[in-house]
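Here the chain labels run A, B, C, D, E and F in written order, and each chain numbers its own residues starting at 1.
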């Protein structure tokens, strides 16, 4: 089932930042979100992941199908790589973590505490988490922060494999990921002051 | 008086990361530090600023002459821009903050709480703090993170003015700042396992 | 569910995980009481049940701020909220692991501290019973307070302020049962009321906590 | 120096700054005491001086974790350490501002709470005097504890564990003076000893705190 | 077995508790020591390999 | 050759490996002899009955509890002044031994108190100050556990040990001022210049005290070795990570 966004408006801190956003992500495809800093990419992705409600518009196909990865990785410094990954696998009702470890070349680090990893290694572990969720739609917010070129290639390959298996991906990023995917620029959808309807303080205007 | 580094070795978390670093920064000049992630730039700058002792070597001219700006800005979210700047000016025995506000075009924001600024504006405020310290040596760790092109230009101009007044600057960065300055690459000084002497855990090897 | 419980317990036992700190705080508060009210043993034995209850309550309270805040800071809560596990269940599990790592040790330690406070021999069983019945309610209510203040930096004191009034009914019935028991009366009535409160909060509070947490995460 | 003091006070009074939270905690703990030990007024008036001291001590303790941790997280401590102000002076100022925002309000509020606890009329002056003399020591010792645990995530409970035993002498002399005063005896000797501790800690502890802080910043 | 009189429980409890604590300390110490040795041996073997 | 050479971990490990067999044997022998003698072959006290037998555990444990803290104070100072790692690690190794000794003194004292004073616990100054010592040990160990960087942990715990010692002494006087107690005065000759127990009790007690002291030494040496090995593992791991 496709992910379908129709006329969505989102707000941050009570102020609308985007309005009228519509797009569709079909199975087997990825969509890259672009826009300058502060445009509202993070806000949009959190809305799609169900962490906050949209001001208006419809989001279809996002029920229990989304694996979200934001700026923070949700790793525990005092648990080892395997323990972290196993935990998330169990939360999502999966059990196999070997494929994820292999895809991001984490095997040599499997017994290290996550707190002793470098930033890039941590990020790799955070991305490996996506592969143990078994969810079809990956919603990723700047996934390649602090990754080096080799790790970016690992990531691109993991996404390609996920798409080939019928999955979907929605990725906000500033850099080129080397993925074969459409791009969607959110700059034109910035909420204009006069359009700002539906904000929580609308009643006071 | 110049800043003079002679044969300095530094360690992080008990492990030496750099050794045998020597350079001099003369009044009126800037030095750009370069090196890949994890090379030890931050560690070196913190050592020079006096926040941690060097393993070996001499650092001359760093007594009470350094204004340090690291990854964190030392701003209080609940104080306004003016209040933040005034506080740091008073700590360093200065009183005039107008020049600093003007140099980074912070006047329109002067009464905003620092917590409501965007990341780039926060960074500008953090850099403006350098100008109210009255210290001759600026030691800056990736000062242009999250700044846009216009703000980078403001920063370059502020540094140039500081140098013209006889100041010095030591800047670690990954990008091109448009400054007329020498570059110093620390990659060759990475501590080799066999050279690693003086580390705190040396006795255990 | 089991995975979450196991992870929380594992984290509590790892270095810096905070297991035992609540216990230590309980010990210290009970030790400081004689210093502040004086060493007369009859006075101490009169106030012993109350002091044990108050100490347990404060120890619970102080360990609450690591219940959710750490998971919030490193993004685990965001991810849990999008996981198939209902947030209500996740929060119940968190409350359970808080009780296992804080409340249960307090119950077990209470008799030892009771000795130091000259608790009357008849009172031990009542103190233990009332703490065993009451501390789960403290953990569940505390989870609600932690969810309310999770986004606030260093919200510890604010959380204490929000949670302490909510603790009042539990404290009243629990301390009453312990006190009656210690002077040889029958404490069954307050104990039953206490059990009622505990069951009620366990059944209902997780919904409030989850609702509040969804709002803070937004 | 003045700038740092003014900034700390300003921050304490701004939203979320924590001014008054210590006071509220003090209030709540004192209110919970009758619930836990029972409402008999003679019992309450016997333990009133001790409860006031213990409540003040816990309120001080709980507000300590914002004393340095916030400044550490946003980098202010790094910058202060490289500023011309000696770190010892900076920490003394921080302790002073902690006392002004926490200790002083407690001293002022103590008589009101004393009324609620049936404190004997003769005791008021002694309770106030001992708190006024003793709370500065609590702030100064607390600053040391805060400096020890500043780099540790959610070190609050650990800090309590480290600081509470250090509070023992202050508590003993302070509560002793208040207690003697409340039963009509002369509390001058413990009060003098208390003043000695306070002066000693004010004179010496900032050096220990600054040394420890330099180690953690390293 | 000596005649302990009416205080037998106390004396035996004191000896029992203390010896348990001491034995526990010694056992924990030895266990931790053995683990540390094994760990170090493993790491050194890997380094040399 | 100076004593400081043993501040080198490798040298230290060698020496302690050579010493330890003798130490363990002597400690085991003395503790066994002292306790067995005390338990089986001493008469009952006319007042305290068979409970005097507790003294062979109680007093040595109490003595070692205080001595362990004192040793930690000295080694902490050495670490702060001369930065010898073995010194800091010895302090770390001694703390759990010290806290166990404190616990033994508290438990045996409590058990003794029931027949003698009719109560398990009284807020007697000596008992109370032991309880405070227990708290100091707890805090010290918790601080070691909480800090990742070993040198910072050594620094901070050393300062805590210094400051804690001052406050422990202060507390001792404060507690004395606050409450006069039930507990016996000391009968160890060095403290009073003469002793107050009869020879029948004294000799096994002396042997037991020596035994506890030797046991403490053996345990601390062994545990210090363990800490050194852990530190070495950590250093090697850090190196191999740095090389990668």
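Note that in this section a residue touches a chain if its C-beta (ideal position, glycine included) is under 8 Å from a C-beta of that chain, and two chains touch if they have at least 3 such contacts.
Just so it is clear, the model here is predicted, and its values are computed rather than measured.
> To get from chain A to chain C along touching chains, fewest steps?
The fewest touching-chain steps linking chain A to chain C number 1.
> Can you give me the shortest step count from chain D to chain F, moving only between touching chains?
The fewest touching-chain steps linking chain D to chain F number 1.
> Most remote chain relative to chain A, going by C-alpha centroids?
Chain centre farthest from chain A's centre: F.
> If you tally C-beta pairs in contact for every chain pair, which pair wins? Let me know.
Maximum number of inter-chain contact pairs occurs for C-D.
> Express in whole angstrom the distance between the two chain centres, defined as the mean CA positions of chain B and chain F.
Distance between chain centres, rounded to whole Å: 48 Å.
> Indicate the whole-number Å distance between the mean C-alpha point of chain B and the mean C-alpha point of chain D.
37
> Using mean CA coordinates as chain centres, what's the chain A-chain B distance in Å?
The separation of the two C-alpha centroids amounts to 34 Å.
> Centroid of chain A to centroid of chain F, CA atoms only: how many Å?
Inter-chain centre distance comes to 55 Å.
> Among the residues of chain E, which are close enough to touch at least two other chains?
Within chain E, no residue contacts more than one other chain.
> Listing for chain C: what residues touch at least two other chains?
Answer for chain C, listing residues that touch two or more other chains: 15-16, 21, 24, 28, 35.
> Scan chain F for residues touching two or more other chains and write them down.
Within chain F, residues 132, 135, 138, 142, 146, 178, 232, 236, 241 contact more than one other chain.
> Which stretch or stretches of chain C touch chain F in the complex?
Residues 15-16, 20-21, 24, 27-28, 31, 34-35, 39, 41, 44, 115-116, 118 of chain C touch chain F in their complex.
> Quick check on the complex: what are the chain B residues that touch chain F?
13-15, 17, 191, 193, 196, 200-201, 203-205
> Please give the residue numbers of chain B that touch chain D in the complex, ascending.
Touching chain D: residues 49-53, 64, 66-68, 70-76, 78-79, 83, 86-88, 90-93 of chain B.
> Within the complex, which stretch of chain C touches chain A?
Listed in rising order, the residues are 2-4, 7, 10-11, 14-17, 73-76, 78-85, 217-218.
> Per the contact definition, I'd like the list of chain C residues that touch chain D in the complex.
Going through chain C, the ones touching chain D are 16, 18, 21-22, 24-25, 28-29, 32-33, 35-38, 43, 46-47, 49-51, 53-54, 57-58, 62-63, 65-66, 69-70, 152-154, 156-158, 160-161, 164-165, 167-168, 171-172, 175, 179.
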